[in-house]
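In this document, chain identifiers A, B, C and D correspond to the written order of the chains, with residue numbering beginning at 1 in each.
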């Protein structure tokens, strides 16, 4: 079988990163990316050699690309017709409309966490439910927050057999490239209490009981989760065991904040820039070793989430799940991550 | 008996506010405030008519005030000798040294929450343990965070008979007048887990079980607490009952964030500025009505704390507790708050 | 003659402050303020005893106030019918529409700096052109930035006879109570070059040649102006003379940043909070003494502007100009400022 | 002749970037980098294959590296003994002390802009004075701000024959990885007026008359310069000519802010991340096309400076100047930039 043909519908913050990660793999290829019209963002696609398509199917929209000197290979339908699977990276609220197009094209489809679970009835994250998604027609890769929670909670759950969790999410109020959103000097609580963020974990691992509260704060670089997890009695774990467990978990980085002077998300992102992935991304969840403490059966810890990129490798694994080409999630994760590392010369 | 003679040792962020609040009362008076040397901050004391004293007792330091045109009435010892009680508002880490001076002067003394409970072996907040502090020789008024937690948790505890609490504190990283501290664009977790903040409540109400996690964020105006409280079964409360309980609690303001467009701490502080207290202060704890929700026996809520001022009226009540002039905390609170309201024409 | 009857159309950031300042004067009174509908902001008017009117004239809108328990005395027309002068504090872009209403009511009117000079053909700021506005039917009080520039440039111009100025305005990106606007971590240049800000000074003092550039930065509390002024040869001034000139100018505060540790706008606003005006306002322009330097005929200096309040006393003076009750601007300024000081017990 | 052997003394923000850029060239190689002791930062050197040396020469300090599992090849003297040129990237204030060591080692040396011109008596930036630095024993690569000013001013000067410039520098208050420095919500003027920043241009191009004012603002990502340049009469230029001139200037990027929605430094840095250099760096100076305007003989414009990286390619060119291997600055720039582009696959 040849490489899996992947279409990327939407080439913004998530789309450009997914395309890059797919391009790094040897078992899949980017057959095209869509833009709504000619713009500065098209240059990146051109440079990478990704064929450009128009988000819309009408000829007028397509022809506008040529006016600005870009080669546009057609509309969305044209792209879907040559793809095995489409990764929807369109802005929120387009889900239902796009779903119909993907179903009509008869190809597999993946949405992002901005869409609701109900749209597809199936959600995905590598560590939680890869096997449930094998050969499915379509699914939703969960959000950056849900992905981050799953990375540390699922291995705990699997060791303990049950888990009750409360999380306060201290969220970045705007992405680094977004200069419109505030607040500049305030804290904004999400007044839906409890918030929708935590329970979304149950779309991929229903056995974990979880609730959350959320606030937005004036920073652009990372979310921080403040987590309390109640382990069942008789779990037999120590703080050190839990650190060891996470140390063996893919896509989790554990570092000592005091020893390494990584005291805030600023130093975490600086460390990520040193690693050398494009955009200074950090695909891994960052856990402060000295911020983890088991007190009786209650575990306290902090983790930091790079909201722009932690779901990117999950999108690659998810393609393999839908296409049924790799049934073992750990093998997929290892393959995905090794290819990305080689790609960036890490 | 004449007015209680109050000395304020330290005339900075807290000291200037305590002096102002004491000045508003009819049963106490400010007999002097201390500064380390002549500086711009002295002008405020002069304008208010508070006698100026030097933090140090040596003559050279005292005489430097006159060189800059300020009348200095003497050293700290001179001030202590004419006071019934001293409110210590010195910078942190001076506690032990100052305690000896106060004991030597034979007067009552109050420290602030920057000092540890162990310094005095007794702590104070109006709603929790006024009666425990009656006629004591010295005590510590708890911090802004502990005061804020006590305001909403103590009435809950008193209704329910027991309470288990977890709190994530999203703290302002610097005060509005402090331009040196960062971070500018990061979240900083307190890596001592659980943090010391929550358990400090137990210094004034040992029956409440509480732990906390804390982060600092790039804002200057307020802390926000994200709180989970487990009520004992059979508590018989609803979300509405709890709002009613707090509605009847002094120094708690409940407003609907959506209806009043008070969606962040920015709008809370703007509302406080409209109230018209000096410095735009908000002595009350702010609870978002639409951010409170009882789910089973677990209560979720947010509250906002004006870190510069919520402890100010507690300092006034504490003076009465130590001097034994008012044994009923609610009567003291009512007297304190009414005097402050009249003072500012609210 | 009785007190001047002042209507305030719009009771937001500027309107509530103008009402407060008018209320402090003995020769004018607030006969009513308008709100678009019942809301939290009405409480402030009620507390101050300002009669409430509806921004609109239709009965349905008026009656909605009663539904929420507020007494509404009528529509805008009703208010205008009992006023001598209306101060327009409506949001921008309503100018033309409102102008027609004011003219139809046959009363005097004042707009704010958010409207263009062309709307009225006449602009006002106390230090520049009070006499030009005497007995005029309507005018525009210039913006916070133009007011600030006029305060320091007009006395320089009057001493020198000519002045060429360039100013870079480093502007706060959002007001303290506005949590929606960004940027959180960026600098935003105003790409109209030169910007409109500086030349607006020429609407009140056409003889000053001035241009400007502007950027917005992630702070909420003050604007800073970075100014270069070329004095004509033979001006005979020194840096010290200029400081003395400004020292004798109303509504300009000069302080030494190093000596007083007022190194940023954070400490300037903290000093303003100590002064004790409502909202922590600073009506005066702040000039750093150690940030002023004359090099040859070129003067370099910085000044800080409290964007929410520096125009407030100018609105009071302007009322007297339009009503023709005080022809000497310095006498009006002295009267305005003394009344405000007494009002706040400064 | 073999590759130029380059030592990097200090492997922090600037040092790690210079090492990376030198590594990209075919005519020079990194023979070692120094660290004060074993730390997280050593990992980056190891991964890149740069030999590690200790900043100090004492054996105890050297041996501490091995204790943490790092191979340390010796002290600074050992490194200097095998190098042709040392690039000093040590923290500020170490200049004099280090200069003596470099002179004693008898090799060429380059300091960074944190040191004063007087230390070396010679300064460098590619576009201004490459030929003055040919075969010199040592020099100073000017700061990020001076480099940025030179990039746009030198070509203007060379066309016009004279130039008088005023610049207001709106500076980022802290680097992205620095979480300690504030202010969080304030503007901080540099009270030395005029500031030292602008005149530093005269160390590389004495013929340009320039002064500056500077403020620091709460952002981490870029400086913005607000510039006014007076051209001599008869210059014959238009706004369009000037854009064309800069369009032909190396390491200057001109883009239209409105058309490309690059309205703040946030979008500039996002564009840089798309380019794909390590750390998301932008070596080029960014000029907003629609923020440039010639009014009479006075030119107004804005430019944005990536403070962490704009001097990096200049360091590479400077090595060639000191070693005398490339006498034409434009050829060196082209060679440097092409190698960097290939290195990152741009």
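In this text, a contact is a pair of C-beta atoms (placed from the backbone, for glycine too) under 8 Å apart; a residue touches a chain by one contact, two chains touch by 3 or more.
The structure presented is a predicted model; accordingly, all values stated were derived computationally and were not measured.
Under the contact definition stated at the top, the chains bordering both chain B and chain C are A, D.
More than half of the residue-numbered contact pairs at B-D reappear in one of the options A-C, A-D or B-C, namely A-C. Here the CA centre of chain A is 36 Å from the CA centre of chain D.
Averaging Cα coordinates per chain places chain A and chain B 43 Å apart. If you average the Cα atoms of chain A and of chain C, the two centres end up 49 Å apart.
Among the residues of chain D, those in touch with two or more other chains are 176, 178-179, 183-186, 188, 218-221, 263-264, 266-267. If you check the complex, the residues on chain D that touch chain C are 166, 168, 170, 183, 185-189, 191, 193-194, 211, 213, 215, 217-222, 224, 226, 228, 257-258, 263-267, 288, 290-293, 295, 298, 300-302, 304. Those residues of chain B whose C-beta lies close enough to touch chain D in the complex are 173-174, 176, 178-186, 188, 218-220. The touching residues of chain B, when paired with chain C in their complex, are 16, 39-40, 44, 47, 176-179, 184-185, 220-221, 255, 260-264, 266-267, 269-271, 273-274, 276, 278-280, 346.
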